[in-house]
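In what follows, structures are represented as structure tokens.
Paired with chain B in one complex and with chain C in the other, chain A is shared by the two complexes that follow.
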Partner chain A sequence: MENDMGLIVKTMARATIPLIGIFGAYVISHGHLTPGGGFQGGATVAGAGILFLVVFGLNEAKKRYDKNLYSALEGLGGLAFLGAAMLGLSIAFFYNILWRDKIAFAGQPGTLLSAGYLPIMNLAVGLKVFTGLVSAMMAIALFRRWKK
Partner chain B sequence: MNRTFGALALLFILGVLLIVANPQYGLKFGLGGSDWQKYRYTDQYYIEHGIEEVGGTNIVTDIVFDYRGYDTLGEATVLFTAIAGAVALLRPWRRDEDGE
Partner chain C sequence: MNALPFLIIVPLFGAFSMPLIKLISEKVRDIWAVIISAVTLGVAADVFYTIWKTNKIIVYTLGDTTPLGKGVGFPIRIVWEVDLLGALIAVTIAFVSLLAIIYSLEYMRHDTGLDKYYTLILILELGMLGIVITGDIFNFYVFLEIMSIASYALVAFRNDTWEGIEAGIKYMFVGSLASSFILLGIALLYGQYGTLTMAYLSQYITREPTFVSKVALAFILGGLLFKSGAVPVHMWLADAHPAAPSSISAMLSGLVIKAGGVYAIARILFSIYSISLNIRTLGWIIIFFACLTLIVGNAMAVIQTDMKRLFAFSSVGQIGYILLGIGIGLAAYGTDIGQIALAGAIYHTVNHAIMKALLFLVAGAVLHEVGTKNLNELSGLARRMPLTSFAFLVGAAAIIGMPPLNGFASKWLLYESSALYNPFLAAVAVVGTAFCTAAYIRVLFTFFGKESEKVKAAKDPGKAMIIPMIILILAIIIMGLLPWQINESIMIPTAKMLEESGKYVLAVLGG
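So, the complex of A and B:
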């Protein structure tokens, strides 16, 4: 209750947090076309989460943060990354078989549905980085040991 | 007095760096000129073949996720380990609650 910020900061955060999230999602989903990618977009979306934590306080963030869901999503992101890398295991690890054999995501270079496993990997890494950074920030905020 | 001295020292260091890092007559790191093209041909290879081999127009993503995929895999592992270690170290211990 006492660790949240004032009305002006809260109003500005309500306006900017969705925009930051949309921008991060754009950076992740266009990672194979424009500068950026999974790591950068995931860190941007995690920045929106950290802004929420700073502005609305720890108690409000604790209600919306589910530890089991976030750790499960982080594991899912890592496994999806490994799975996408193993798709072309018949030839080599990290072989981009979706693009070279034109199976899926094989449009013209420069369109959204192109580049084989690159969009899948960007989504997986973005999910992993977002959940990981939010988990680390919540751990640092929850488990501080100094006295009042 | 101390602040002026600090600012002057910073300016001096900046000037020395500018002279040392000048490509005309400063220190040379690694190869230069045509040797660069001869021994570091992979840079040009990625720029020329990245779009047809991997498909992304962002060459950096092509390199990070395809040509150098193992590096990204290790990076994801490092992130996972760091967060697991942070949560394991920062969580409250039984000894802390006994002491209070």
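So, the complex of A and C:
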């Protein structure tokens, strides 16, 4: 099926997809320091996946997309978020015990390894948003019912 | 340790782990959904029992031990605040959801993508539970959206027919419009007062009731009337509720329009606004919509030929009764009549959740066995599906308000209080019930009539579908045998607690 794009677009996409991915990863990992966070970064990374789908076509994307894996990773992202929120349950739900009791991610405020559970939650949300959006996009591409 | 956060944690854990559990096997996935919802019911019952026993509002702060900020006297954190009303509705939600999930084990067996179905149904339950326990108005909005989006997706779950997709899209447009009204109202309140905590907001509005706060109330009330399916804006309900799979219809009609509509109206009117407005006018506004709703909803039910559509319109009518109780409770605030009306409204909320869930499960069983929900083709079903027909008989008698069943007590309280407050309202309520009776008698005659070709091969459904129905029948009968005891020990204290908005404020802000 001819649903991919021309050579110029493909070459450009090959160059930009990794960069978009890296930028998204940066936004996720600096979520507690700079504007953006798990959702925005995850959406950016998913943008790389969607670019791949648009440029190289559905058939090429299907080879690299495993429904069960993505669905499991999405669940894992949610569970990690919930787990991070439950760490401080002995005091309160969403209590930031990692930061307040200086257990982990308890560096100087403003550095990467600070803010307690926030980096963990951002990673979890980023994973969930990335896998979820890519799955949604694949579903839209796969299940279109109008003209074949 | 406080059990309250587990009301959210357990269904959330179940929903998130569903894609992983599904990898083991389909059987495990089904059992997992049942276990999760059963544990949720346990937690909800525990929370309810704690509050009922101590008669104290539970305040739970997310992320810290106190809602108040450091060195300041006002709350800055998200709080969950549960009083008896919230806990009572939470128990109802968890109970009906558990039965709907058990029912879907068999009812949905032939569908694909069931891990998404169970994820969504748990998310729907979570959204409703969140609405009834939250004490923060933006948190309320977030849970409302979680609930709404899960229900849009579930209405359109069977996407092999256009009926479901059309209803889902229609529901989504109307629901999003309603949600944006609510969000606008919340934004206005936040802009005016700079806080989102309901208790602090209540104190603030009482101190300076500005024009903006009234506009915000109008927006929020408009949105919530949309969500509860009150009459001028009920058109989405009659499409969305019949098109969903029947287990979902039971949750939508029994729970979603209560938690996201009527409960929220009661909470916002009583706990946030009550003493700061002209309460009599506000009450009469609600009463006006209630009368409209209960006449139009029940009257529309009479002329339907689609069984599930009939039940959906009947839900609109029953929402009218609940709104009538809330309206009288506001208009006669502080008197015995108001308290009786409010107790009746709360009682009817719980009763209707159980009765309507039963009726939709019956409709689902008929649809599952016969393959049609058109009443013209279902004649003479009673001989082939005796248990199902008996379940329908009990549900219909309860919803009409026949004495030995649970609907009698709540409707009696509503008639009594409306007759004492204004006899005209009682007349309207009785006329509504007359229409309701006519609608259900029609279905009853269809069921017990001459046997038609279509139903010859029908038989009662399997265990997983019968057991939830039997549990609901038992609940209806047991609640029907102890009407005044339940009213005295649960409903009146709940109404009292809801009326005392001062305590709701003090529970967060401290004495």
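Throughout what follows, the second predicted complex is superposed on the first by the 146 of 148 C-alpha atoms of A that agree within 3 Å, B and C clash if a C-alpha of one lies under 4 Å from a C-alpha of the other, contacts with A are read in each partner's own complex, and residues count from 1 in each chain.
Just so it is clear, a residue touches a chain if its C-beta (ideal position, glycine included) is under 8 Å from a C-beta of that chain, and two chains touch if they have at least 3 such contacts.
What you see is a predicted model; the values in this text were computed from it and never measured.
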Partner chain(s) touched by A:112 [first = chain B, second = chain C, both, neither]: neither
Quick check for you: in the superposed arrangement, does A:31 touch first (chain B), second (chain C), both or neither? first
Chain B versus chain C as contact partner of A:139, first or second or both or neither: first
Per residue count on chain A, the busier partner among chain B and chain C is B
Contacts of A:12 with chain B and chain C, given as first, second, both or neither: neither
Would you check which partner chain A:22 touches, where first means chain B only, second means chain C only, and both and neither mean what they say? neither
In the overlay, answer first, second, both or neither for which of chain B and chain C A:96 touches. both
Now for A:72: first (chain B), second (chain C), both, or neither, which partner does it touch? second
So, does A:82 touch the first partner chain B, the second partner chain C, both, or neither? both
On chain A, the residue positions that both chain B and chain C contact, one per complex: 74, 78, 82, 93-94, 96
Sites on chain A touched by chain C in the complex: 68, 71-72, 74-76, 78-79, 82, 86, 88-96
Considering the complex alone, what residue numbers of chain B touch chain A? 51-58, 60-62, 64-66, 69-70, 72-73, 75-76, 79-80, 82-83, 86-87, 90-92, 96
For the complex, give me every residue of chain C touching chain A. 1, 5, 8-9, 12-13, 15-20, 22-23, 60-65, 115
Applying the document's contact rule, which stretches of chain A touch chain B when the two form their complex? 31-37, 39, 74, 78, 81-82, 85, 93-94, 96, 99-100, 105-106, 109-110, 114-118, 121-122, 125, 128-129, 132-133, 135-136, 139-140, 143-145
